[in-house]
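You will see chain A twice below: alongside chain B first, and alongside chain C after that.
== the complex of A and B ==
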């Protein structure tokens, strides 16, 4: 054995999954080193903004971190609505029942605040068992000996060996990719979310949403808001801001050559939003991230040798229609991975932790939530071309429409059924066609005038100014055919915009003209979109470098 | 009733606890309790697993005096002997193995165990007797045999703090000044604390070493020793190491020929040596400290001198003794990106001196002191023969990584952006023409151009480098006139030119952001506008041209 620095456990990433793993490892007396590449935990992290505690889950974030809700969250979600939009007409359903199903509580969060609070607790806990949390360390890959994973390699430190490596390094996990467990090949395994955090004082929020200061709302949006791109929008109330965002299937964004920032603007400027956003819209932060579609991407065996993978890194992000849950599953998975290591260690065979972890994910029902069997039977069938087409046609035909009108109560019930929702296939029908039809047939016209003027992309990027260091993404094939989609799909790039990451260029070479793409990683928000839609060598920037979210 | 009732615990708490239970019966009781209680499957698995393990251990309890070795694998034997502390029993096992299967690896395992059992008995509580490594391990072709100075000195005299002052491109680098300032403070305090008169000695080596004597003095040296030779223009570690080592030994027990008596040094070697933790400094520090038969604390960020109470028997001579060492340089260095600090001490052994106490210092760790050019210091030009073979490594080429192009001093900066995209080569040419029309001007570029995939013809390609970038991640310029052609004016670019007296923008889009911070905006294609500006400048009519076309 080469003489590397050794810890019993190394946890990579201090988001909720990493924090839960580290806390539970420390609680079991395991010497645990936590490595985080941001200047502060949370500075790299973005989420839509709701964290759930499920009644059926073996671990919840407040169970692992007492006072979590008092110290690290924004508002509890007390009201839930989904808005089906067709032009100016909107039909709103109360989906409180769906939301409350299996939910002990759900709070809105901003990740910088939440994760940095968690990180302080994690450091205290892990320090007691001989480890600690180190920020600004970029873990670049896996340390192998004789082909076996035995630790991690870092950009800033010498390699570190461990009996267990917990990869909680997020959706673009370099460890899961190094282990060959994840790739960036298929756009249809991913969603892309973009979000704006808008400043609003607490009294104004209470007044506009008609809630008390210990209440909050979650609104979802679907329908034809988004030029036929499959996905939807959300609005959550924070303590003194609103999180407003859109989440789309990445394959749909790519196919439609949609500009994510314009889709977000489409939501921000819809008349429906006027009642909440008012006259003076002030955007604090623009952010973006990839979201794995657990139905397709969740790893059924998220481990390899001594490596276990948790959270987004393992594709553990449940996004099924209006159910969007990621952080709670990351917490459960992280804590179960720790438990698995404690079990394995007490049996004298710490290297079997991965196997136990997989078993626990199944036993505790996590895997069935992430990859529901009802989806694999019904949902996928719905994605095959002709059937989707027929269903679309039925919904748009007179009969289909009559059906919708007659079935208003049924539709609301359907939205509130976790079972039916988990079967939703990833086609236009549930995301665009059906909500549009519902909006048209059942909706009422919104007459409010929206005065919001969203910032231009260059101002959004300007507010995210940071030091990216050396370029961390290399464009392997700069032809427009191979990588041109990034110009539109990248949330900080746009056609005819020279200040973004990706720009398309007509270049004269030796008498003929080539359509090329150029890349400047300066404005990169590290979402990973281009890793999927363009031909790149994609890595994270060095520790402490790159985007630093203040809200997240 | 077992000591632990599993139903009272979460599985995570139970895991570590259960490993303390070695009694299979007790475990069976625990299992029954769990089955009668919550009946959690993972908990049961945990207990069952433990039972299996404990029972296996019970069965596996071997008596080394009677067991049949031929039935056992080498690994079994290794595991068994690990638990035996009686050397006689082990010898008996060894004997039986030799008579039996006579497996080499098994014999080695048993012999090792005998060694470690007996070794520990011999050493306990006794004086550590010094045996030089060459005698202790005669069978080894010990690498220290080749090293001339190992065990060279015991109880010699050491004085002064030596600072290796690195120069780069004809300048004393900042870290050299920082080290001299720190050394000055440390030695002033040292002389006061110990009522001594020890000096800060600056060491300079290079082709222009004498040029830096004055600076070294001003920043705190009492004595400057320099070696100047044309062959020393570039750092090469062999000659530099030879020179610094030779200087350190001058006047001492191991002085080289001709340096036995020098009037500026009458001790063996320096008490303390400090090097910069730069590329060259790291290289040199390790080699010099090695040659001087001492250690090195590399990459330090803090230094102080203090006594230290030491109990390590290797240092104090007797196990169990404590001994106070005086005048110890405490060298703090960050581990794990500053997560923790180690303080390194370099302390003599009873049979071997560990001096100089040496450190390399991370640049920026200490303040640069204000220079005092009235200070005086003794100056010694060191003379020694430099052997040809030290220069076998030849520096054929070198590149100086500097700021490259410095745009900050120009009266005028002409910058172009992605507006040149239609014909990038011509765009750069036109901008260069305008640059030439001014007396003191240079070319700047937006980041968008530098990161583009434009194909430039070779004659302008040399201009398209990051060194010319204006903006947040490039240079910040404050010229009298800043001409921004085809630059939209992102906030990152604005940072780089905002302080210019007059900003003239040329853009096809009159609403581009650059308008917000320009004094004049000329709406138009830079391919047409730039030649006309060039013409106007040549005629001395720039102001008129710009004012006429500002919309």
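== the complex of A and C ==
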């Protein structure tokens, strides 16, 4: 074997999945090196963000990191609602029962604060083992010897060999792609989320939501306020800010040529929001993220040779209607991967860690949450075109409307049923048609006037912090046909906007006109959308380069 | 490995810090003293040696007792394990030669003989760039200047350095030298840490150094000319062959261009400027 620097374990990425893996490896006495590409853990991370601790989970974040809730989270979620919107009529359901199902606790979080806190603990724990955490290191791929994965390659460091590599490098994982486990091919395997963090002092939050300072709320929004694009919105209360965002199926964003930032603005400016946002809207940060749809993208065997993949990198993000859970699964998976390595090592066969990890994901019920059997039987059926069309028509017909009116209590109960929610198909019916009908038939008119003026896209980009490095995305096919969708779908680009990543133009060449796309990666928020909807060579920027989220 | 870094306190020439009197003479009393900015490159080179090859780093300076804070600055800014100040009235007003004599004696007086001595590329006050090479001459050591990157082969007792030929970034040569060796770090010096273990060590030492720099006084050793067994006739002003015959101020170049200040929010006033610029924007 070539003389590479060697650690027993290399963990790539210090989000919740990587942190959980590293902490559990360190507790098992494994020499662990953690490599994080941001200037600080959390500086590259965005989530909605609620983090759950499930009663049924073998590992939770506060179990692995005592004091987590006191030190790293914003507010506990004590109330949950879903708002069905049709124009300015809204019907609100309390979905507290759904939220509380299998939930030990759930807190709102901002990722910079959370991950940065976790990283300090991770460094302390791993340093004890002879390793530690390094920031500003971009792991570019897998180190192979005789075709076998034996470690990682880095932009800033020489290759590093390891007995186990934990890829916790996020939704755009370069390691999972290098191993051939993940791709960026199908838009329908992904959601795209955009989020605004709005400043608000704690007393104002308490007053506007009528809560105490140790309480918090989670609101979900669906219906016709997103121009028919399939998805919904959310609002979570933080300690001194609100997280407001929208999450849509990426295939729907692409088909409708929707501008994500405009869909977010549609939510921010809806009359329903006036009661919470008041007149003094101040946006601290605009951010975006690609979200894997675990029903379709979660790896059933997330390992290869010495590589194990956890969290978003393995598609472990559960988004089924109003249930949006990612970080908790990443934590469980990370800790199980570590456990699997410790088991394999104690049996004298450390290279079987991947196999054990897969087994544990099944045995502990994680896989069934990510890819519910109930969805694969019933949900997919609903996605078949003619069936969906008929169902849409029925829901919008007088019969359907009558059903909704007659069954008001039933609908609320249905929203609260984890079983029914897990079967929700990815079609217009549950995301747009049904909530709209509910809003129209059962809702009340909201008369409040919304005074919010969301910032323009160039101001949103201007407010972000960047350390611009070399371009990290290459446009392979610059025809509008191949890559034009990025102009609208990219959350920092827009039609007729020159300051974004992607723009399109008509170019005259040899007497005929070509519709071309050009790319400038400076304002990139590294969400990965264009890797799916355009023809690109996509890599992360060098360690410490690119966007730096302060809220996340 | 024992590495010594030479540093000097200089007037803080940054705008807002430095004061000159009416005749253009520097007012030392009103201008704070800071570590010579170029010494940072020497410290970074020494720190790289500490991280990659272990051992320890001593920071040494010659100057009045107040220079202890200059040593602290160097320690806080980059890194040092221990600090030495050569301080004595007899050493005062030394030129580069007398300084080199004193500093070389200070280095020889260290308990463990260093393998490497680093100096920064010239001081911000004298700008001679003589003291380092003269100190190497006094020590009778090989000298490598304008170093931009450095590798140490401890087993072979060699250093391998990339250096700018004639201080020019367009021409770089690689040289080898036996240790002990005197190295002048160029402002273009870049430390390299390509191993995770180096970066972890770097992080660890940087964390510790901030705390240690708070208690820097415990780490300072002060030596006077008696400690170094130096004859006062060969150091300080008496030992300095340089005679300053006079100082002439360099006249400021007269400005020939006219400047007009326009308020950017005043659109009427901006109009003629835009008219003026438009042809350039069109690429004419």
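The criterion applied here is as follows: the second predicted complex is superposed on the first by the 551 of 552 C-alpha atoms of A that agree within 3 Å, B and C clash if a C-alpha of one lies under 4 Å from a C-alpha of the other, contacts with A are read in each partner's own complex, and residues count from 1 in each chain.
Operating definition for what follows: a residue touches a chain if its C-beta (ideal position, glycine included) is under 8 Å from a C-beta of that chain, and two chains touch if they have at least 3 such contacts.
Computed from a predicted structure; not experimentally measured.
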item	value
Partner chain in contact with A:519 - chain B first, chain C second, else both or neither	first
Partner chain(s) touched by A:157 [first = chain B, second = chain C, both, neither]	both
Per-residue contact with chain A, leading partner among chain C and chain B	B
Which of chain B and chain C A:27 touches, first, second, both or neither	first
Touched partner set for A:7, first chain B, second chain C, both or neither	second
Contacts of A:282 with chain B and chain C, given as first, second, both or neither	neither
First, second, both or neither for A:132, with chain B first and chain C second	both
Chain A positions touched by chain B in one structure and by chain C in the second	132, 134, 137, 156-157
Residues of chain C that touch chain A when the two form their complex	193-197, 199-200, 203-204
In the complex, chain B residues that touch chain A	11-13, 15-16, 18-19, 41-42, 46, 49-50, 53, 336-337, 339, 417-418, 421, 423, 447-448, 451-455, 472-473, 488, 490-492, 513
Chain B contact footprint on chain A (complex, rising order)	24, 27-29, 132, 134, 136-137, 156-157, 335, 338-339, 342-343, 345-348, 360, 363, 458-459, 461-462, 465, 467-468, 478, 498-499, 503, 505-509, 516-520, 522, 543
Residues of chain A that touch chain C when the two form their complex	5, 7, 33, 35, 127, 131-132, 134, 137, 156-158, 160
